[in-house]
Every structure is written in C-alpha cells, then in structure tokens.
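To start, the structure itself, in structure tokens.
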Amino acid sequence: MRQYALRRLAYMPLIVVVVSLITFFTLRLPFATDPVTLYVNQNTTQEQEDAIRADLGLDKPVLEQFVVWVGDLVRGDLGHTFRSNQPVWPEIQRRWPVNLEILVFSVFFSTVLGVTFGVITAVKQNSAADYGFRVFAVFGQSIPEFFLLILLIVLPSLWWNYSPPVGGHVSIFEDPVKNLRLYLPPTLLLGVGGAAALMRLTRSTLLEVFRQDYIRTARAKGLSGNKVILQHGLRNALIPIVTLTGAHVTALFFGSLILEQIFSINGLGQFFLVSAMTADFPVVQFLVFYTAVVVVTMNLLIDLSYAVIDPRVKYA
Amino acid sequence: MERENYWQRRLQRRRLLGGAGVTALGATTWALAGCGDDDDDGGSGGDAAATAAGVKPGTATAPTPTTAGETINKDGVGKARQTAIFASINPYAGLDSGLLWGFTVFDHLWYTPLDTGVRENFLAASIEQPDPLHFTVKLQDSVFHDKAPANGRAVKASDVKASFESAAKQTKISNSSWWSQVFDHIETPDDKTVNFVLKAVDAWTFSSTNAGSPIASSILPEEIAKDPTFMDKDLVGSGRYQFVSHQNGANFKLQRFDKWRIKGEPYLAGIDYKLIQEQAAALAAFSAQEIDGVGLNNKLEREDLVKKHGDKIVVDAEDSRAVWLLQTRADGGFADQRVRQAIYLALDRKQMVDLMNFGEGKMSGPVPPAFGEALPAAEITSTYAKSDPAEAKKLLAATSFDVNHEYEMKYPLLGDRYQQFAQIAQSQLQKNLGLKIKLVPEDFGKWLAQSLYGSQYDGFICYPTLNYDDPSSYIGAYTKQIGGRPNWAAFSDDELDALVIKQKTILDDKQRLAAVQEIQRKAYAKAAPFIPTFIAITNTANWAYVKGRVIGRGSYGLFNGKVYIDKG
Amino acid sequence: MATQSVTAPQTFDWAHVPKRPGFARRMGRLARQHPAGVFGLVILLLFVFLGLFGKQIAPYPADELSVGLPLQGPSSAHPFGLNQNGQDVFSRVISGAHVSFVICFWAVFLGAGMGSFLGILGGYFGRWLDYLIQRSGEAFAAFPSLVLFLMLRTAFGPTLKTIIVAIAIGALFGGNRVLRGQTIIERNQVYVESARAVGCSEWRIFIRHVVPNVLPLVVVIMSGTAGAAILAESALAFLGLGPADVSWGRDMSGNNLSIARTGYWHVVVFPGIAISLVVLGANLLGDSLRDIWDPRLRK
C-alpha cells in the first residue's frame, strides 16, 4: 500500500510533464494560430511585427522556446501574459479563490444532497418519496446547467423585481454576507445537477449492497436498520460515490465557467477562455499545467481512498 | 472660407446631431459595448427624428441644464454596466480600456461636440493655427492625480509632447494613419506652450479618429508616457476621476478628483462599474436599480422596460454611426465589376433592418446618415439601397463567376448580431444569386488581424464599422493602402485612391463635402467591394433619477461633469 | 419512469414453460416491464434519425429567413413558432439535432465504448496493463474536457473537430476510471476466487464472470456519456464557443434569451425541451437497460 502510494506520487510529476509537453507543442504546431498576428494593427510594419515576435519570445526555434519555458518554470517564473504583459502567477493567484469557492460549495451541496437522498430512496425503496426523488433526479440530470442558472437570474426579476447579485468576487473573509449572497444560490443549483447523479448512484449501489450476504448477516446479528445502513451499507457504497464525486469535481471546471459567465464573476474559467481566444500562450500553458496538478492530486487521493474505504481492495 | 474659420468649423455638421442619448453613464456603456466588444448598439450621435421610432421623448432627452435653485446632490455614485472583462487596464493595450479611461481618468486638449461641430477648448486655453502644417496649443493650469509618479504636480507641455509621441508608437491600439502619416513632432518652447508640427495637410486632424482620439490624445504624465507599461498596474492622469481599483479587469471604481481644473465638478462622487456580461442579467439589474443605465438590444426590450417602469425611466433613441458592411473582394473571381454589382443588387437591406432591428434602422451609404456628408436619402434608395435580384442574376450570369465554388463568409465571434447579419447576408446571396456560402466564425483578434487587415478570406467578410466621428474614416477603405497595409479587399482604383487622399487636403467645408459625396458616388459606380447596408436606431434606457445628463453631443457628452443622482 | 426497475421480477414458471419464449415475445415483455426505457429508446431513436436526416425532412431549411412573420407564436403552419429572423423554430430544432448527434456519436463510441473496455481490462488484469492504461488515462484525465477543449481551441480555433476531440477524450478516460474501480471490486469478489479455485483460466473468468457483471455499468456509462455530451455541446454553444451550425444551445443564448424574456418564450423553450428530452431519454434508457441486464437484479 505504502509502496503503491509512493510510486503514484513519483508518477505525478511525470503526468504533469506529459500534459505540459502535449500542450506546449500543440500550440506551436505549424498550422496552429500565430499569436503575433493578433497583436498588430493596420499600421504595423514588418519590423514592428518582428519586434513583437521577439518580445513574445516566439522568434526562437520551438525547442529553444521549450527549454526557456521549462527553465523559467523551474525557477518559479511563469512568464508574462501576451495580452497585458502581466506576470502570470499573480493573475492566477487573484482568481483562484473564485473557483475554489465554487468548487467547494458545489461539491458540498451535491454530496450532501446526493448521498442523503440516495440513502432515503434506497431505504424507502418503492415508497412515494422514492418515486418522487427519482423522478426529480432524472429530470434534474436532464436540464442543462446554464438553463437553470439563467432561470435563477430571469425568474426572480420577473416575479419580484429582484436581481440576484452578479459580478464581482468579494472575499468570504472580508464580507461573508455579500460573498454568500453571490455564491450560494448558483452553487446550490450547480450542486443539484451533481446531486441527481450521485443520488441515483448511491441508491442503486446501496440496493445492491443490501442484497449481499453480509448485510443479511448483520441484520441477523440483530443490528438495527440504521446502523446496518450506515456502518455496512454506506461504507460499501462509498467507492463508486467517491469515484463519481471525483468525476464531478472535474466536470465542475465546466460548471464553473458557465457560472462565471452568467454571473459575471471573473475567475480562472473566464481568464482561460479569454486567453484561449487571444492565443495567450503563457496563460494557456500554465493553466493546463495547473489543472493537471489539481486533477492528478485529486485522482491520487481518490485511488488511495479506495483502500482506506474497503480493506479488500489490494494494490499490487 | 477664411482659414481661421476652417480650423474652427471644419467639423461642423450641416445637420445637427440632436436627440442622442449619450449620458456620462450611457456612453461609457457605449465605450464598453460599442467598441471591440459587442456591436453597434448604443452608439452615440444621432438624429432627433429618431424618437419617431416610438420612444416617448422623456424630459431628459433634451440637454438638461441644472435649473437655478435646484439642489445638486454631490454624494451620488453612478452605477454603470461593464459588458466585458478588460484584458488589461492599460489604455494602450485595448480599445475598451483606452476609451473608458480616455473619457474619465485622462484629460484632453480639446473636444468637438457633435451637435455644434465647433471644436471647443478643454485643457487648451487657446489653439492657434498659423498654417495648415502647424498649430499651437496653450495649456490651462491643471494638476495630475495625487499618486506616484506624478504626485499631484502641474501638467506641463512636456507631458503633452511625451503622450502624443508615445501614442504614435503604440501597436496594440488601432491608431488611424494620421499618427504615422500626418503627425510629425511636437515642440515645447515653454511649460505652457505646445507646438504641433505636421508632415501633411489633413483637414480631419482634430477629429476624434485622429489627433482628438479619446485614446491616443489622453494626456499622461511624462514619466508614464515614456514607460507605458506602468499603466498595466495603475492609472494616473489629470482627468475628472481618479482610478481607485479594479478586480481582474472588471468592476472598476472611480472617485471624484477634487483638484479637477473645473471647480465644483464633477458632481458624481464616483462611478462604480459592474461587470454584467449577459444582457438578460443586465436588464434584471437595471430593473432592480443595480445599474443606472443600460443599452438596449431591440425594440422588445425597450417596450418591456417602458411597460414596467413607465416614466420612471428615460429611453433615448439615436442613429448609430456604425454601418453594417458586407465586404467582398476585388480580385480573383470578384475582379469583374459586374460580379460585385450583382452582389450589391442581390442584397435586400429592408429585410436586414426588419430582421435585425424590427424595422428601426435606416439605409446607409458608405457615410452613415448622421453626417452631412452622407448621400441624400433619395439617392441612397436609388443606388446603394437598391435591391433587384432579377437584374443581379442577369449580371452574374453574363460573367464567368464560379457559382459552384463554396465561398467563405467570415465574421467575428462578438455577439449574436454579427452572426445574425452574416446569416442574413448569406441567405440573401444564396437565394438571390445562387451562391454557395459557408459561415466561418472567428475569434475577434484573429478575425481582425488576419482576416480583415490581412485580407485572408475567400469571398466575404462582414462587420459594422466603428462609430467614427468624421466621414473621412468611412471612405478611407477606398485607397490602395489602408493604414500601412494593402487594401483589405485587394481593391485598387487609381481614381478613387487619388480622390480619397485629396479630400483630406481640401480645407473648404463645402468643397470637401462635395468631394466626399463624389467619392461615394464613384464608389457605387465602380462597385467598390465594401458594401454598406444599413444603420440601426439604437436605444439606451436610464433611470430618470440620473439628472443633468447632456444629450446629443456625441461621445463628448462624456466629458460632462454635471451628471448627478437625484433619488429625492 | 424507471419505477418498474425494482419491482419483483417475473419468475419463470418452470412447470409450464417447455421452451424459451420467442425473441419478439421476450422483447414485448421487457417493453411492458420497462415503459420508461421504451420511452427513452424511442426518444433516442428519434434523435438518431433526426441527427442523420433532420436537415432533409425539416419543413424549411433551418437558416431560411422570413418564412413567416418574425417572432410569431406557435401555429399550425409553424408548430414551434418563428424566431427573430423569421426562421422556423421547428425546422431549427429538427436540424439542430445534427451537431448534437455527431458529437454524441463520437463521445459514445470512441469515448465511452473504448474507455470502458480499457477500464475493465486494466481493472481486472492489473499489473503492467493496468499501469499503462491508467497512466495514459491519467495524463488525459489531467485534461478535463473543458481544459482540453480550450487548449485545442487556442491552437486551432472554433471548429467542430476541436469539440469532438475534447468531449470524446474526456469520455474515454471518464468511463475508464469508474469501470476500473468497479472491476477491482468484482475481481475481489468471492465468486471470482471460487472460479479460480475450480481452475478457470483468467481469461475465462474475465469474459464469463467479470465482464457480464460490469457490463450493465458500461451501458449506464454509455447512456450517461450520451447525455453528458449533449449537455456539454449545448453549454459550449450557449457560451458562443460552438461551431457555426444550427445548434440547440446556441438558439438558447444571447439575443434569443433576452427576446424570450420579453415574452416570446417559444424562441428558447423548444430548443431547451429538445436538449432535456434527449438527455432524459438517454438517462431513462440507461436505467432500464441496467435493470434488465444486471444479473443480480434478475435473481
């Protein structure tokens, strides 16, 4: 187990490197967008264009550019944005709290709602509540997130002339009320989409677990219903739940962008989007690198949690 | 015409551009929305008759001088909408930031209100013109904001010199060719005197596309002008408002500059910008008074707001100066003039106005109707706006044009209207000429630099022009070289080239007007590949509690410091 | 609804059933037991049909302007009404299925299908195979599909291929992980140990025991992928990042949205229903198939 963990840990940087390599060289394929052409105006002369190219470091051979980039990265210099000539790291640093908050809230809502209703519907199988929640879940999963978020803005305005706050991240430590007013409603809605999937998975996994012999044994031993559910049932249903939650976090990169866009919050999603549209290579490269680190770390934790949750899972 | 008069009046419009709804707040929306971001909505300038579009002319649609005895609330903070995130706050890095700060944080030597057309001194105490290649500006007393590196020191002639020379070198802002081909250098005999020296005579020197550009003529402290990267982080000017803060290129906060050279102004204690990207969210925010004004996309939105809020809001209507263009090519299969004529005739501009603006728009020649230099409406109807699919087909059939080839129609990904216009043009050309056209959306940067400036398109490209302040900008595309580049549409016509260059040197208003109109007639006769279609009549809604708005003075209404919030 | 899924399954009456009922009869019975699944299947078949032939059978070309009065509400001539361009919304909804279908197709077959297979393979055999699949999977899992999409878009601009590649690769390694987790559990089940004890070969155990046990999950994942791909495509289109084609998400965004807000709801509601319906169909079908094929549920 420990050996496995260590080996995975050693592989993490490798994955991140591979991802960065793919990105770096894809962006510089001969038929890919040339950023320099985006930073000229109608009066720009060829000399000025060459100067811009040199300034952006794109005049060197691709391999040399790569060496420079890696060298800078190792020294903690992430380069400057093409568009605004700002150091990349502070730009990211200012924005990531937005995404962290969206992520934490959404995952919290989806997990709490999903697991709770999953357990309820499994235990009360075939009851009215079961049907009700399942219908709700099936529909909840079928409605695009952007539509829910748009309704959140449009409906209160039509009904009560209330406009939910949009725009402007306020730190939760500075002004918790303002922060929560901005983030809670949309993250709750984002969470609902994830909760629907999680609820259905929890329910079906639990139902399967309930059919297993050891649950029957546990009941036969005289353990109370709730205890069986929590101690045995849920514990055994945890692996798929954790896996799905992991996938949910990854999916939230998308949800977060949609939320940022509709609620006009300037986070990493929008930053990435604008950078992609303006061929801002240093930003795109670093954001890919950054998400890779986040996702790889999370996947490692999920994998390791399998062994913690279910001792039968052995890692060779 | 005498020379002094020429310099004074050369921007005068034969027709007054009244009725437009550009307020300090509304027009900043324009600054944000109109340029580089969304489309032609909320343009400035316009026609008083536009109110016939069914808008109730509110009390504030006329200039509202503050009546004596009325108490002015100087504590109010204006709340404006920002429609897009700025890539950088540096005014030299983008049109959006350049315009916004140009109207607020930075001071300018002069401005020319659209209603009078008479250039007015702003920071300049006087402007003298001994001859067309020189002019001298004497500066008033003024100080910079109390921030490093200027630290509240006085504005000097050397600041003006450094600012203009720095702006001329910028590549990221869309400077007009004035900066490279007309402007030569500046001499500063003393701290209060600025001598401009020009390389060539240009009748449009003072217009807002040239030396009066709200971006390029912003006066920066010399220290910053010499190192404009400073403005990536902070802005220090000598304008009415001081830059306070921003969040990653959004939600700007501006604060009144108490030492502003016009005492007692501005009335607003500050302006808060709120980033709202979705129009639906902006309308909701406007209804909830989270923002004071909002640019409207169409008649439906206007009617909805009027129904909801009645006379608590004021809706302004104005003629946009953004002409929707369909640009084709003048080379390859399009070299035959008859092909381009066929395309002119195949377009149905009425349908465009009906579909894009619910009928609220006007046919336009190359120069939009808001200008005196525009061709008379009747003439436009019989030339540019003529639609005759049968004739178009006949013309095309007589040529060797390849109708089986699939042509591209490129448009920038900037909003629905761009796509809508492209769809309509595509559909009309398919239906009326049997052309095969594929729509190709592109990111704005790529579209602008490569497809438009770089002429990389196979067939068609479409876009609205910017809201220029002078007709010259609209006809500039007929030259062989546009700016420093070959003609975007590969259009090369000796006669038009010479005419366009010549009109810039005609100092007499009437003669120049005639020359500009002549160019437009020639362009039609030669079926120039820049095909103008229509302009929209656009609406802006403001809450009536926004008082003291100055309307109908074009984008320069933005320099009005007398706006205040009166919520009673 | 999938309410039938958990009711006590029918038992065979061994005394009176000399031979297995015919295929049609079995299908008919399944259909009666799973009306929600049938509903889902019908929706999906319709979606596939429209995706392939929608443009041909639409009453008007999707981009034909002014086929009627702009913004006219639903009528018998135009069942879903008309949009601002006077385009027939019904035709646009039918034609819009194409883009969704193409993306969905690649995501399901390239993404979910291949991905599931690799996941099961790796989860069961472990060792170097698992290692290889997992590592390359992780490299791409480290590319959430949006991130991959934006990266590709930076390089190649807004094309359909960019979207397909991004969504399909996302699906490839998404399904992979879930199935691998499930397979690891199956691998450690008692029945596998028993099979091994009686001398079954690893391949036999894999094909005969493990695969059937995780197969329902593959189907669930495929149907989930179909739904997710459609949602992703519509969200990209909504954000203005989709291809230029007629698309449901695109028709729900921007100007249409603000027009809908002023009372012309039909402009966005029908494309919205189309998206939700197809995703719903995929989910319902997935549920029912899962119920049908899960050996443990069948007793």
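Every chain is named by a letter (A, B and C) in the order it is written, and numbering of its residues begins at 1.
Going forward, a contact is a pair of C-beta atoms (placed from the backbone, for glycine too) under 8 Å apart; a residue touches a chain by one contact, two chains touch by 3 or more.
Keep in mind it's a predicted model, so treat the numbers as computed, not measured.
The touch graph of these protein chains is complete, with an edge between every pair of chains. Ranked by C-beta contact pairs, the top interface belongs to chains A-C. One finds 40 Å separating the Cα centroids of subunit A and subunit B.
Centres computed as Cα averages put subunit A at a distance of 21 Å from subunit C. Centre-to-centre spacing of subunit B and subunit C amounts to 47 Å, using the average Cα coordinate of each chain. Each of the following residues of subunit B touches two or more other chains: 278, 280, 283, 413, 443, 446.
For subunit A, residues touching at least two other chains, in rising order: 33, 150, 154, 261, 277, 279. Counting partners per residue, subunit C has 157, 257, 261 as the residues that reach two or more other chains. By the touch criterion stated above, subunit B contacts subunit C in their complex at residues 278-280, 283, 297-298, 300-301, 303-304, 351, 354-355, 358, 413, 415-417, 419-420, 423-424, 426-428, 439-443, 446. The residues of subunit A lying in touch with subunit B in their complex are 33, 37-45, 48, 52, 83-86, 91, 94-95, 150, 153-154, 156-157, 161-163, 165-169, 261-264, 266, 270-271, 274, 277-279.
Listed in rising order, the residues of subunit A touching subunit C in the complex are 11, 14-16, 18-19, 22-23, 26-27, 29, 31-33, 125-126, 131, 134-135, 138-139, 141-147, 150, 154, 158, 197, 200, 204, 207-208, 211, 239-240, 243-244, 246-247, 250-251, 253-254, 257-258, 261, 269, 272-273, 275-277, 279-281, 284, 287-288, 291-292, 295-296, 299, 306, 310, 312-314, 316. Residues 82, 85, 87-88, 90, 93, 171-175, 177, 179-180, 229, 232, 247-251, 274-278, 280-281, 283-285, 287-288, 290, 413, 443-446, 448-450, 453-454, 482-485 of subunit B are the ones touching subunit A in the complex. Every residue of subunit C that touches subunit A in the complex is listed here, in rising order: 1-3, 6-7, 126-127, 135, 138-139, 141-147, 150-157, 174, 177-178, 181-182, 184-185, 188, 224, 227-228, 231-232, 234-235, 238-239, 241, 249, 252, 257, 261, 272, 275-277, 279-280, 283-284, 287, 290, 296.
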